[in-house]
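Next up, some structures in structure tokens.
The two complexes that follow have chain A in common; it is paired with chain B in the first and with chain C in the second.
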Partner chain A sequence: MVKFLKMLSISVREGTATRKYPFESPLVTPEFRGKIEVDPVKCVGCGACTRICPPKALTISYEGDEATLKYFVGKCIFCGMCAYVCPQKAITVSREFELATWELGDLYNEVVHTTVKCGICGKSFTTVKLIKEVERRIENKVPEDLLEVCPECRKKLTARKIGSKVVGVSGE
Partner chain B sequence: MVSNGGRPNLEPLEFNLNVLEEAFSKLKRSIWVFHLNTGSCNGCDIEVLDVLTPYFDVERFGIKLVGSPRHADLILLTGPVTIKTISKVVRAIKAMPRPRLVLALGSCGVGGGIWFNTYATLGGYPNLEKILKEAGVEVDKVVYVPGCPVRPEAIIYGAAVLLGLLQPKSKHRRVTAVES
Partner chain C sequence: MDLETFSKYGGVNRVINYDVCIGCYTCEEVCSFIHEGKGYIVLYDIGGGLNKPISCFHCAKAPCVTACPTGAMHRDKDGAVLVDISKCIGCSACLAACPFGIPEIIPPGFATKCDLCNPLRSEGLTPGCVSMCPTRAIVWGTTAEVAKELRVRALKKLIYKPVP
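Moving on to the complex of A and B:
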């Protein structure tokens, strides 16, 4: 009948198992992956993270003369692939997980880049910082006339050059 | 859109807002929750079970899992809301008494997660909200809890934010990239 009293000695020995979470630190290990942080100083806006992101939580959109790198925490699956592929090591994985909010807009983080306009068609195609970074990495070996030309115009330009060299035809 | 199964519509057409506000102000602790899986991968569901175990023990806040939405104050909505579950989800939310509270859990519940644009899902609670509006079902408060899966602590934190005991930490941030 008094068999259950056995439990009392066990509970005295083992103590309380319950975490007092809101009043003590959470059980977060060093390996835990939470919300990511994009460093606006290091980020060049190349978009490598937006291509690897499985749920497309990171997106880059060109509007006017601004390129916005948008991070929507609500879609993020915290895989850390963006931090792995970032060539500038601008993305760090923090251990922040207390992200609850009633406003969906609070879950957006944005980094705004200024864009470069194509010298021929006038369309903005890449960010200023990315062009500077490319210049720095290949030690100023890019031909001056090709640096600020968008990929489509560059194709036409190259085709025209080859055409004039091989066939001897100038123009279109 | 959603049939009532032949039963009379019990919700009065002109809802007394004062009564609702009074009920809402009284709702500070001891909320009863109903766990609604809308096609999730069961990751979040396991974390919801974790919250109810003695280790995290949400019953110290009076939070209790109930078996019917008719008894519940809060719905724990997990999953990206698959097309097949829409009618059942709307019926479950409609069966709740006002004030209705929803805790959208996980990346799927908040923004669709990796199923954000497939043909078989709605892509999270924000898209379900439009369907609920069409069906005439009003939800009084929603709190989004991101995480894949959500940590048990994050669910407790979300419930505290929902009840107004804590202020949310997340803020919309828009910064301009600076030259190094």
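Moving on to the complex of A and C:
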């Protein structure tokens, strides 16, 4: 009983701590992490975020000429790892948290990239923007036609070059 | 490490003497044994039915090091190019940059490539592929040592050439 009276005195002094949320503005601190936003201009489609994402809410899929980076809010745990890891700083963590919706489609956010097709085997292996970004970083030290060949074919090409130029095999 | 420091330090280098190599797959087997089933020196068909090993060349002006956004792909004190997996984010920029297609992305989500057997080198041993090669086709050492060894080999080839 004495303890209760002690609490009462404190609560009278401090006032109401909770907020009547739907009728009042919610308490959202600057550190609060909500839905993420992917900037389609900055994003190069490297897939670093899809590899770090713990619940795999971010996925990248290659279909035909397009690589689609898909963000599904339903799986997101709002950890902010993707924003931390993004080399292009294309992902920002917003403070938006009122995400309930009637449409399932509203929970998906897509960024579509054009893919590069390997000049030899024809398999699409990365995105055009990633190649452009790498080209900018390495200041065109690697020949342009070689950048449009997939890693597996690059190895085979190197083997062929060794065969014809170093060992002296005439080849086919 | 930039190019000037690299040449001043005289970092280690590995050169495969393809004339001597018999394509026996020993290096590939040893490498996959050391790296738990994942070989980083792999034999490829070079034409004419011959197989020769290809692995990372540890380029002096390595494009993968330049392209890496986080500094995970770095050059260690010996001059070998290797991946720091705690820094790697798996963005596949090194895959796009490498002219020989050497780095690979492995399941947990980071790039991996030949590290010239970093644990062995730290104990003062030579890399697995170098020590196991039956024909001593893989030459390893500082840039000066490798150059000297290759010159000796070229000279021997000229002198001991069988008379037709």
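The working rule: the second predicted complex is superposed on the first by the 148 of 172 C-alpha atoms of A that agree within 3 Å, B and C clash if a C-alpha of one lies under 4 Å from a C-alpha of the other, contacts with A are read in each partner's own complex, and residues count from 1 in each chain.
One rule holds for everything that comes next: contacts are C-beta pairs under 8 Å (C-beta built on N, C-alpha and C of every residue); 3 or more make two chains touch, one makes a residue touch a chain.
None of the values given here were measured: they were computed from a predicted structure.
Superposition of the two complexes onto chain A shows chain B and chain C fitting side by side, with no clash. Using the contact criterion defined above for the overlaid structures, shared-chain residue A:I52 touches chain C, although it does not reach chain B.
Contacts of A:G122 after superposition on the shared chain: neither chain B nor chain C is touched.
When both complexes are overlaid on chain A, the residue A:V134 reaches chain C alone and has no touch with chain B.
When the two complexes are overlaid on their common chain A, residue A:T158 makes contact with chain C while staying clear of chain B.
Of the two partner chains placed by superposition, A:G15 touches none, neither chain B nor chain C.
With chain A used as the common frame, chain B approaches chain C to a shortest CA-CA distance of 15 Å. Taken together, the two complexes place no residue of chain A in contact with both chain B and chain C. In the complex of the two chains, the chain A residues touching chain C come out as 46-48, 51-52, 85, 87, 126, 130-131, 133-134, 137-139, 141-143, 146-147, 149-156, 158-160, 162-164, 166-167, 169-172.
In the complex of the two chains, the chain B residues touching chain A come out as 54-57, 60, 107, 110-114, 116, 124, 126, 141-148, 151-154, 156-158, 160-162, 166, 168-180. Considering their complex, residues 17-19, 21-22, 26-27, 40-45, 54-57, 72-78, 96-114, 127, 129 of chain A touch chain B.
Residues 18-19, 42, 44-48, 50, 52, 54, 61, 63, 66-67, 69-70, 89-93, 95-105, 108-110 of chain C are the ones that touch chain A when the two sit in their complex.
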